[in-house]
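Below are structures written as structure tokens.
You will see subunit A twice below: alongside subunit B first, and alongside subunit C after that.
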Partner chain A sequence: MKGYSGRFLKVDLGSGSTGFYEPPDDHYRSFIGGAGLAARIFLENGDFEADPLAPESLLIFSLGPFAGLRLSGSSRFSAAARSPLTGHWADSSCGGNFAPELRYAGFDGIIVSGAADYPSLLVIKDLSVKIESCQELWGQGIESTTSILKHRFGQSFKTLAIGPAGENLVKFACIMNDGHSAFGRTGLGAVMGSKKLKAIVLKASKKTFYVQDPENCKRLVSDLNNRAKESVTLGVMRENGTAANLEGGVHLGDVPIRNFTSNFWEEMAEALTGSTLSEKYLIRRANCAFCNVACKRVVQIDDGPFALSKGPGPEYETIAAFGSLLGSMDLAATCKAGRVCNDLGLDTISCGSTVAWAIEAFEKGDLGLSDTEGLKLKWGDMRTIIENLIPLIAFRKGKLGLLLAEGSVSAAKRTGGDSDSYTVHAKGLEAPMHDPRGGGHGLALTYAISHRGACHVFSPMLFMEMGACYYPEIGFDLELDPLSSDNKPEAAVVAVTLGALENSACMCQFADREITIPEWVELFNYVAGMNWDIEDMMKTGRRIFYLQRLINHRFGICAKDDVVSRRLLAPAADGAPEGIGINFEEMKRRFYELMDLDSISGSPSRQVILDHDLVIEKSLVMEDLF
Partner chain B sequence: MEFWKDETEPIKAFLALFENAKKDPELSEGLKKVNQLIWFDYTEDGPNCSFHVDCRNGEIKARVGKPEEQPDLTMSLSADDAHRSWSNKLNPVMAITRKKIRVKGSATGLLKLAPKLKRVASIYGDTLREMGWEGKIIA
Partner chain C sequence: MRVYVQPVGLLKDHFEATVVELKSNSTIQDLIHAFDLPKELRAIGLVDRKRQMEDYNLKDGDVVTLVCLTLGG
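After this line comes the complex of A and B, so read on.
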């Protein structure tokens, strides 16, 4: 098929062998790529019984069909595995520059299995692949690992690496591309660490990419790039990054404060917002490959306790996770915390959330000085958090480091008492920095029904509730009120379908806001020759959503697991959403009805499985269900 | 037009709104932070139906018509939707997405004003009352 290479690189680190895996064409057509195709590959090749950190587990990197196009937002890709943090199916996405290079090298992805006996480096030059020992890199931070690899192989080589957190199997370890872009969520860095795979380096000698309809594709890509350049919302992102509207978010009650106990903190709003970052610390803007949006930040802090050399700056999630969530409005501290987490290889969302949980546990007496080995945990004490707590977690040092390295949900289970009541998550994944009570009630629903857990990029619901989506071609012309549960199940049906498409096509949820539904269809047809109409495309999105649920069912996930923490549903204490409750159960009931999901198993009905061509030979899914 | 008799009415109302906004310390500070020359273009409802606000250099000056200098930001919409917008009855993100508001230039400064829209709406209501236009207030 055009638009794809037609092959995945297979690497067995246990035997040291490499080879190719060529998925059949209908897998590409039915599951697109990225998160969708990774799920399909796992269904065929994965071991449902394997512990996420066992050699038998699979770690799958998967490109979408558009990686390699010179199109804004198209240079993302997915990583997928059974998550060590949540115990069920997970995927995460990453921007940067690795995805197009992998496509140019001749691959649609990489499937890693087994575990090496020694720290290993995977070297890919076009179709030539080598596994090398890299003992000297083990223990190094991601900054120095990336720097050493670039020095050794050349600046044009692209890198994926884990830090000490991944090596030490911290359950929310991330994987970083060239030290600036992350597979942040669900702990896939620990899966890579369990395989003793420290890094992957990659170079393609040619930059060729074949599409089905070059002429129309060129025209469409040019139109979309021009629109991305001219878009007012993307212009705001270019100017002030993904935190451009943090100030507005505070006034809506969207930005979480002190472990989601408050929805309003006026002084913090201006202190942490994107324009303040631009004024105080921005050195230059940076972008993923071929992207006109350039929402990434490069910052430098010349003096003060959080002085920082020129390098990657924080995006919104990191600013909130190490700012308002921890009771701090010190912007420099968020920059420093983000840089330290990146270097150690920690997901900033889960890390900030786990620290927030620990501070509240200490405040409430569920953790004492004996548990923290003398460390006093306080809201806003960013020095202690950055200099002590984050390194303890990454290196699993001491009682506290060992406890928190498991993530907030496991830490609460081990701690006992009432400490579970102030974890904030869905299916074990800590909630991102958008509080559904202010950001939009529909977010509570999509956090809950997401296969990976509480995730804001599982679907575009956040954008839909703020009014940034208008898709009359598929019947989405609802004017949603974020502070109401009305029409949210109907919106969620569209959101999960579009989210599955976005995460399988591996398109950036910011950049692709400018793409209309007919243009999405054109992209798939011009690039990959899908020959779809709108309904074909939407059916594919739904198929992927259902497949991910079926896989999760095999991991024991049921309808009762489609929930969010009580704290996210309790009426807000202050701010714009003060006193307003979320009608979660009714939203969920209606969503289940609309998507024909079983109220006990949470899985799609037999008819839905048949209608979406999901009767898959060799899959045990059907036998289990019926 | 649903709310206005002719093209002069909305401009009178909006200029009065900005005069009153200048007197409100919180809003005045907010507007100064916008630090842009903004043209509010409602010319789809008449060739003279527009005004501009210059929030640069720590001052707030609102005048009829298009500014002589190139504006940092132009917002084009109908005078009725402008009325809904100043009344905080129009979600600006939704309106931009649905092309009810067309924006040219940098909207970064305007984002600073977004949290103050409730306050603007309150002052706008008072302004309409002062002008004897209670009937135009959207419930």
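After this line comes the complex of A and C, so read on.
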């Protein structure tokens, strides 16, 4: 099929062998790529009994069909595995420059299995692949690892690497591309670490990419790139980054404060917002490959306790996770914390959330000085957090490091008392920095029903509730009120379908806000020759959503697991949403009804499985459903 | 009637805090329309920091915060 290379690189680190896996065309057509195709590959090749960190587990990197196209927002890709943090099926999305290079090299992805006996480096030059020992890199931070690899192989080589957190199997370790873009969520860096795979370096000698209909594709890509350049909302992202409207978010009650205990803090709003970052520390803007938006920041802090050399700066999630969530309005500290997490290889969302839980546990007496080995945990004490706590976690040092390296939910279980009541998550994945009580009630629903847990990019629900997108072509033209549960189940049906498409096509959720539904169809048809109409495309999105649920069902996930922490549903104590509760159970009931999901198992009905062509030969997920 | 209007976040680039003269029985929607914002920037109103719907009838002396709904991820 055009738009694809037609092959995945297979690497067995246990035996040291490499080879190719060629998915049948109908897998590409039915599951697209990215998160969808990774799920399909796992279904066929994965071991459902294997521990996420066992050699038998698979780590799958998977491109969408648009990687390699010179289109804003198209340079993302997925990594997928059973998450060591949640125990469930998980995928994570990363921007940067690796995805197009991997397509140009001749691959649609990489399937890693087994575990090496020694720290290993995977070197890919076009279709030539080598596994090398890299003992000298083990223990190095990501900045140093990336720098050494670029010096050794050349600046044009693209890198994926883990830091000490991944090596030490911290459950929320991330994987970084060239030190600035992350597979942040669900702990896939620990899966890579369990395989002793320190890094992947990649270079393609040609930049060739074949599409089905070059002429129409070129015209459409040009139109979409021009629209991305001219868009008012994307212009805002370019100017002041993804935190451009953090101040507005605080007034809406969207930005979490002190572990989601407050929804308003006026002084913090201006101190942490994107324009303040631009004024104080921005050196230049940066972008993923071929992107006209350039929402990434490069910052430098010349003096003070959090002085920082020129390098990657924080995006919205990191600013909130190491700012308001921890009771801090010190913007320099958020820059420093983000840089330290990147270097050690930690997901900033789960790390900030786990630290927030620990501070509340210490405040409430569930953790004492004997648990923290003398460390006093306080809101806003960023020096202690950055200099002591984050390294303890990454290196699993001491009682506290060992406890927190497992994530907040596991830490609460081990701590006991009432400490579970102030974990903030869905399915064990710490919530991102959007509080559904202010950011939109529908978010609570999509956090809960997401296969990977509380994730704001599982679907575009956040943008739909904010009025950033309407889809009249598929009957969705409702103006949603973020602070109401009305119409949210209906919106969630559209959101999960589009989310599955976005995460399988591996498109950026910022850039693709400018793409209409008919243009999505055209993109698939012009690039990959899908020959779809709108309903074909939407059915494919639903199929992927259902497949991900079926895999999770096999991991033991049921309807009772489609929940979010009570703290996210209780009426807010202050701010714009003060006193307004979320009608979660009714939203969930209605969503289940609309998607024909069983109220006990949470799985799609037999008819849905048949209608979506999900009766798959040798399927491991079907046998207990029929 | 007169209402005091404060922009926050992105809307600060479009107008400054000001006092607006409106007809009696005007709503938040009427107030938002008075600022002729780009259509991509969907704004909502808070009265005394509490969220109110677009059809909320403003009163003389109300303090209204206008917030753009665009959020990053």
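To be clear about the criterion, the second predicted complex is superposed on the first by the 626 of 626 C-alpha atoms of A that agree within 3 Å, B and C clash if a C-alpha of one lies under 4 Å from a C-alpha of the other, contacts with A are read in each partner's own complex, and residues count from 1 in each chain.
FYI, a contact is a pair of C-beta atoms (placed from the backbone, for glycine too) under 8 Å apart; a residue touches a chain by one contact, two chains touch by 3 or more.
Keep in mind that what you see is a predicted model, and the values were worked out from it rather than measured.
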(request) Overlay done on subunit A, so just call it for subunit B and subunit C: clash or fit. (result) clash
(request) Pick one for A:Leu483: touches subunit B only (first), subunit C only (second), both, or neither. (result) second
(message) One more residue to check, A:Ser57. First (subunit B), second (subunit C), both or neither?
(response) neither
(request) Report the partner of subunit A that touches more of its residues: subunit B or subunit C. (result) C
(request) Report for A:Tyr316: first if it touches subunit B alone, second if subunit C alone, otherwise both or neither. (result) second
(request) Look at A:Pro577 in the shared chain and tell me whether it touches subunit B only, subunit C only, both, or neither; answer first, second, both or neither. (result) second
(message) In the overlaid three-chain picture, which partner chain does A:Cys469 touch, first (subunit B) or second (subunit C), both, or neither?
(response) first
(request) Classify the contacts of A:Ser419 with the two partner chains as first (subunit B alone), second (subunit C alone), both, or neither. (result) neither
(request) Have a look at where A:Ser83 lands relative to subunit B and subunit C in the superposition and call it first, second, both or neither. (result) neither
(request) Return first, second, both or neither, reflecting whether A:Glu247 touches subunit B, subunit C, both chains, or no partner chain. (result) both
(message) Based on the A-chain superposition described above, do subunit B and subunit C contact any of the same residues on subunit A, and if so which?
(response) 232-233, 236, 244-245, 247-248, 251, 269, 466-468
(request) Would you pull the subunit B residues touching subunit A in the complex into a rising list? (result) 91, 93-98, 103-104, 106-108, 111-112, 114-115
(message) Please output the residues of subunit A touching subunit B within their complex, sorted ascending.
(response) 232-233, 235-236, 239-240, 244-245, 247-248, 250-251, 269, 275, 466-470, 479
(message) Taking the touch rule as given, give the residues of subunit A at its contact with subunit C in the complex, in rising order.
(response) 231-233, 236-237, 241-249, 251-254, 264, 269, 273-274, 295, 315-317, 432, 434, 439, 456-457, 462, 466-468, 481-483, 509-510, 575-578, 580
(request) Give every residue of subunit C touching subunit A within the complex, in rising order. (result) 8-11, 38, 40-42, 44, 46, 49-51, 53, 65, 67-73
